[in-house]
Structure formats: C-alpha cells, structure tokens
C-alpha cells in the first residue's frame, strides 16, 4: 500500500484519461459505458480524497513522470528538474478534491440528464476531469499549459453537445476562441519565463526569482499570465463569455465549467504567490486582481437582476461570487509584504479559499436544479415558468438552499466564508468590504426573483403533468445541499482542517521550493 | 535601433504576426477569418519558441551527435526544450483549428451565415 | 471547534445562531398562540392575496415584472450595461486586449517608478 | 466537387501516390526516435493520403472504403495503447521507459559519439510513437471526413489530443 500511495498522483490523472479513451469503444453498449465512466469517476474521487489526506499529513508530495523513483525530482548531476513533475501541496490537493467531487456528482446527475451518445459525453467529461486534475497537480509551467488546453478543448465538446440548436454552437465557438487566445498568451509567457530563467518547473522558477529577483521579461510574462487566467476564470470586464457558455451547456457540464474556472483561478494564484510572491512586482498585480474582483462583484450582481434566462441569471450571480474570491486572495497578495496587514491578509485568504469550495458546491447545486427544471419543462425562460413547487417540491427546496447559499445567508457555508472576507478586507480597505457586502445583498434579489418565478405562483396548464426528476439527480442535489449546510454549521472545523493548510501552502514560497527541489 | 531590430528579427516578426492575428480577431466578424487569425497567432508563438531555442553556430540537439563529455571547443547544441514545446503547441493548434472550423460549419448550417454579427443570438 | 476564530470585527458561531433561531421560533409560536383559534379557517383570508384578485395562469406576476421599480430607477445604467454585452466575439477579445494593455502599462510604470 | 470525383488521370495518380505516402508516414513514425518526426508527424502524413482520396474520388466512395466507426475505433485503440504503455511503466513510475537499455527488443543501448543510431533502441518510445501515429492518422482522417461531409448531416469531433 505504501508503494501504491506514491503513484496516486499519476493514477488520479491516468485513470480518467485511460477511461476517456476506452469509452468510445463501448459505444454499442450504453449501460456498460455509463458504468465504466461512473466507476472511473468514483475511483478518481477516492484517489483525490486520499491524496488530500496524505498531503495534509505528510506535506508536499511530488511525482516525477518516467523517473526510476517517483520522488526523484532532480536526477543526478542535474541542477534543475528535467522531467515532467507533479507537485502537490495542500492547495493543489484541496482543488483536486473539489474538482473530483463535482465531477463525480455531475457524472451521476448525467445518467438521466443526457439522453443520447453517452459514450462521447462521458468520455469528454472524464477528459475534462483529467485536465482539471492535471492543471492543479502539475509542477511544471508547460504541463500546466497542456492541461489547460485539454480542459478547454474537452469543455468545448461538452458546451456544444446539443448540436441541433444554434445557441450552443455559438457559445462553443466563443468559448473556444476565448480559451485559444488565453492559452496562446499563456504559452507566450511560458516561453518568456523559460528564456529568462532557463527552467519550466514552478519550483525552479520560484527559486530563481527568490535568488535573482525579476527581470523585464518577467513583467511581460506576469501580465500575460494574469490577464489570460483571469479571463478564463471569468473576471470582469473579461467575463462576457461566462453567461453565454454557462447558459447553453448541459447543466452538469456547467457545474464542471465552474470547476474549470476555479482551476484557472488556481493557476493564477499559484503563479502569483508561488513564483512571484517574493518580488515587489506582486503588489501591483494584487491591485489589478482586486480591481478585477470589485468589478466582478458589482457587474455580476447587478447584471444578474435583469436576466430572463435562468442559467444566465445563475451564471451572472456566479461571476459576482468569483469576485469575492478574487478580492480575498488579492488582498492576501497585497498584504504579503506588508507586515502589519499580514494577519488580515491571511484571514482574507482563508475566507477566499473557503469560498472556493463553497462556490463550487452551491454553484453546482443551483445549476443542477436549473437543469432539473429544464429537463422536465423544456424551457429556461423565467417568464414562461411558474408554480412548479407543487410538482417538484424537492427541487424547489434544493434550489432554495442554493439561493440562500449564493446570497450568503446563514446557515449556509457561504455566510461563513463571506464574513471572514468582510471583516478582514475591512481592515485593508473599508470601501471594498462595503462593495462586497452590497453586492452580496444584491445577489439575494435575482435569487428571490428566480425562485418566485419558477416555483411559486399559480399552476400553469402546460406544466400540469410535470413530475419530479429521477432519484439519482435528486441524490446529487441532496449531497450538495447537505455539504453546503454542514460546511455552514461547522465552518471552524473545515477551515482548520483543509483551508488553513491550503492558505499556508500558498503563502510560504520557500516551503514549496524546499519541498519540491 | 536598427541593429537591435535586425538582431532580434525573429522576435519582431513573431510580435508582428501576433498583432496581425489580434487584428483579425478584433475587427473581422467572419468566423473563418477569426479562425485564420487564431492560426496566425499560434504560428507567432511557434516562431517565438523556435527563435528562443536557437543558438548561433549550434548543432541539432540529437543524442548521438552530442559531443563527448569534456571535449574542447565542442559545438553547442540548440536548446531542445522549446522545440518540444513547439511540437506540442502545433498539435494543440491543429485541434483548435479543426474544432473551430467544424463549429463554423455548424453555425453556417444553423443560421445560414458566417457573419458573427448576424449569427449571434446570445447577448445581454 | 464550532466557531470561527475571529479578529474582533465580527464573529459567527453556528451554535449561538441555532439557539437564537430556536428562541425566535418559540417567540413566534407564542405570539401565534395568543390568536383566536376559530378565526376564518378555510376562508379567503388564509389564501394568498395579490392586488385584489387571486393570481391565475393568465393573470400572474411574470419574472420581468419583479422589482419593476428598481429597474425603472436604474434604467440608464442597465441600458448601458446591456449594450456593453453585445454578444460579439470581437468585443470579448477587445476587453481582454484592453485589460492586458492596461496591466502591461501599469506594471511597467510601477516598476520604473520603483527603480 | 461532383460525386464521381475528378478525372481518370487524377484518380489513377492519386491511387498510385497513396502507397508511397502511407509508407513515408510509417517511415516517419518508425524513425521518430532517431530523426525529426514521430507519431504525430507520421500520422498527419498518413492522413493526407485520405485527404488526397477525398479530393480525387469524392466523398461517397471514400466513405464506403473507410467507415467512420472503424476510424473512431482505431483512434481509441491508439490512445489506449499509448496510455497502456504508460501504465506498464508503473513498476517504477508512470511513463517510465522500462524497455530502454534492457537488451532484447528495442532495448539496445546507444553508443555515445557521432553515429547514426539504431532503430532497435529507445525502449517504449517507438511503441508510443506508433500508438500516437495510429491515433493521429485516424483522428485526422475522421476530422477531414466529417468536415467534408458536414454539408450532409451531423459532424463534429475533437480530434488529435496529443
């Protein structure tokens, strides 16, 4: 068992990848394809949770692809790592666990939600999971680019899954162009960093900036990386693709797309904190990130109010929640060289990282509820819906929990993370805290609107025969609501066990370098 | 100025190619032209990476051509890593182009136009 | 274990909140108990009331009409914000290029001023 | 493009050229570890043979000769072979080159110094090259076929992952 544990990082990426390639062969046998896909998702979830537990106990785990021993980062006579390296610290393992959990739930939900070409759908879903896990587990800039691209391309296949309508195709095209532009600039930045520092390894780059500071090319590379990853994370004012893509993708895919955005955020902060954390350059980046965050908060919350399409409404509300994460981690980034502010920065980051997991859960929950409504009624238009609480009581209840969570009301988990953000950001700059608070209140409004429009009101004739969705779909929503409520009731325990280690992993650049090299 | 430009000609060209690609993406509303713009941008990055790995008077980075350890005046090799990056990037840009063209074809079939302004339905 | 460690600005303890919720619930139930038990059961007064008429399928508040006054007051802002989201890919790319240019200039200027 | 394809001269020459193109592709794949080239490049060359056939013979006959199902299956098989070889290295690590310098098939060690190299070396790399070659050849042919047919009915598939 001890030996196998060493291989878990590679297996967590390899298993979904292998099954993604296997599924097209099972096209003829629908049930076996679904079972194989769910088995792969479950195994990956187990691996990701095990890695999280292992990393929390034993510190950074590295895996050198193709080496004689998994832990061999730098071969003999070499000063820098030459192989592709997976390096998993607490923050990576945290993100990996979130991604695997959402993917498993999305997979279970999709059994009934997707009616045709199961093998293609699950193959792409597994590929997406492999991309997300690779993106968060990798310790190599170029490998990060490759997995970023795998994630994007498989997402496009899923966004444009329903080809018989024009809108998903348009959304897919937009998402494809956006992610291609982002990845081209990422690759440019990777080239610049390689030319400047001579290594592609994140820990190697980090050591190089610790020793020699930054150069002119680093400024360009950092600006390119920050902009590209912010755009893929859906930060305003580069958020316009988000409602388009989220609105048109199948519901379970949208939950995974939210995870993909969070993985982009991971990449952004991994680079900002771990590679350039020691340079004075980082404070300027922090201000840029905070500005992106404040804009996202405000634009997302206000634009969410006027949406007529249910999924676009949730997508806009989600943008404002991404703003919370950006603001919190941006404040942490700004406080990194400012000794009196450091405790507040660390606390803001705790709130931000806690909000990452909460955001993934309630955003997924809301999108899954929206998908349930869409499955039974065939429409996402809020003006046409109404009175569904009589027919779909469970979905209504879960939607209510999701709405409470996204609005940041107690007892949901988002309340705990948001209060951490408010009170620490208040010490950094009261105005930002006020904007965050106001936009959080504003998000209540679209949720009330959506809930009333879909579930309350008189019964509508054409929805008289609507039934509750199948048990498997309800089960996934139940799990997510339970997680949201449990995390809200025991926030202290969650923050202590998984969030604080992740924050410490982000903050201590030298520990990362020491752990990997 | 001229000397700097001529010494760094590949990088200048790659920046120009990048700008051309951006121009297509910013100002052309035809979906195929956008795909062309993205391809040009991908080529710009490839050129940049190849130029990055080049050393003057260097030999190809092949294992059996490597000079013996400790050889005097051994010719330096070009850096192999950027070339590997370029190959991967070419593969990825091929996949992106193929997907983009097929989505453009699908858009045309649904809406009867390749003009993004006329085909667009998602806004607001 | 239950509460979050606080830095003095606020605190959140789910146990206290749950207790407060229970107390409030008891208060509400107590207030309700003061009422008359025989008051208009199964009559119109227990049904939801909306603008004089019971809502029907034809005559109900649609999603567009929620918070009508709010949107009416903020109409200029919403008109502008909706126009910015034109749905054109060119504009999406433009915002990326715009942010990238600003960030490059800001970083370069900041570093130059620093040195 | 008419259904019958181009003229008889073009069709004959295309048919004649297909064999050398395929052989060249295989050569590029097989020598991937010694000379510039490898699985992706060789696979692309093989797929150009399909492109040539499409242009010369028109869509119907090519569709009859190489089915979509077959190409899709071989694509998956190539990818599975690739990842299976990676998993076989799990004795030491994922992607570990367990055949190199081990003697026997593909396990010859290469002498240092200037020499043309031997094809019987590099361990799992040639095998992976072949896996990638099969995958890319079928995926790219599939993409070409689908884009070519897209005027008729459904067609879209993300090909060429790596």
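For this structure, a couple of remarks:
Letters A, B, C and D mark the chains as written, and numbering starts fresh at 1 in each.
Everything that follows uses one rule, which is that a residue touches a chain if its C-beta (ideal position, glycine included) is under 8 Å from a C-beta of that chain, and two chains touch if they have at least 3 such contacts.
Fair warning: this is a prediction, and the values are worked out from it, not measured in the lab.
Taking B-D and A-C together, the pair of chains sharing more C-beta contacts is A-C.
Averaged C-alpha coordinates give centres for subunit A and subunit C that are 23 Å from one another. Put simply, the C-alpha centre of subunit C and that of subunit D have 55 angstrom between them.
Computed from the mean C-alpha positions, the centre of subunit A lies at a distance of 35 Å from the centre of subunit D. Among all residues of subunit A, those that touch two or more other chains are 146, 153, 156-157, 160, 163, 173-174, 177, 181, 243-244, 306.
Residues of subunit D in contact with at least two other chains: 156-158, 161-162. For subunit B, the set of residues that touch two or more other chains comprises 25, 34, 88, 95, 99, 103, 106, 120-122, 124. In terms of which chains touch, the assembly is arranged in some other way, matching none of the line, ring, star or all-to-all patterns.
The residues of subunit A lying in touch with subunit C in their complex are 173-174, 177-178, 181-182, 185, 219-220, 222-224, 226-227, 230-231, 237-238, 240-241, 243-244, 280-281, 284-285, 288, 292, 299, 302-303, 305-306, 308, 343-344, 347, 382-383, 385-386, 410-411, 415-416, 419-420, 422-424, 426-427, 445, 448-450, 452-453, 457-461, 488-493, 495.
Those residues of subunit B lying in contact with subunit D across their complex are 62-66, 68, 87-88, 90-91, 94-95, 98-99, 101-103, 105-106, 109. Interface residues of subunit D, counted against subunit B in their complex, comprise 34, 38, 40, 110-117, 140, 143, 146-147, 150, 155-162. Contact residues on subunit B toward subunit A in their complex (touch as defined above): 18, 25, 31, 34, 38, 41-42, 44-45, 48-49, 52, 81-82, 85, 88-89, 92-93, 95-96, 99-100, 103-104, 106-107, 110-111, 119-122, 124. Touching subunit D in their complex are the following residues of subunit A: 7, 10-11, 14, 17-18, 21-25, 27, 63-70, 84, 124, 127, 146, 150, 153-154, 156-157, 160, 163.
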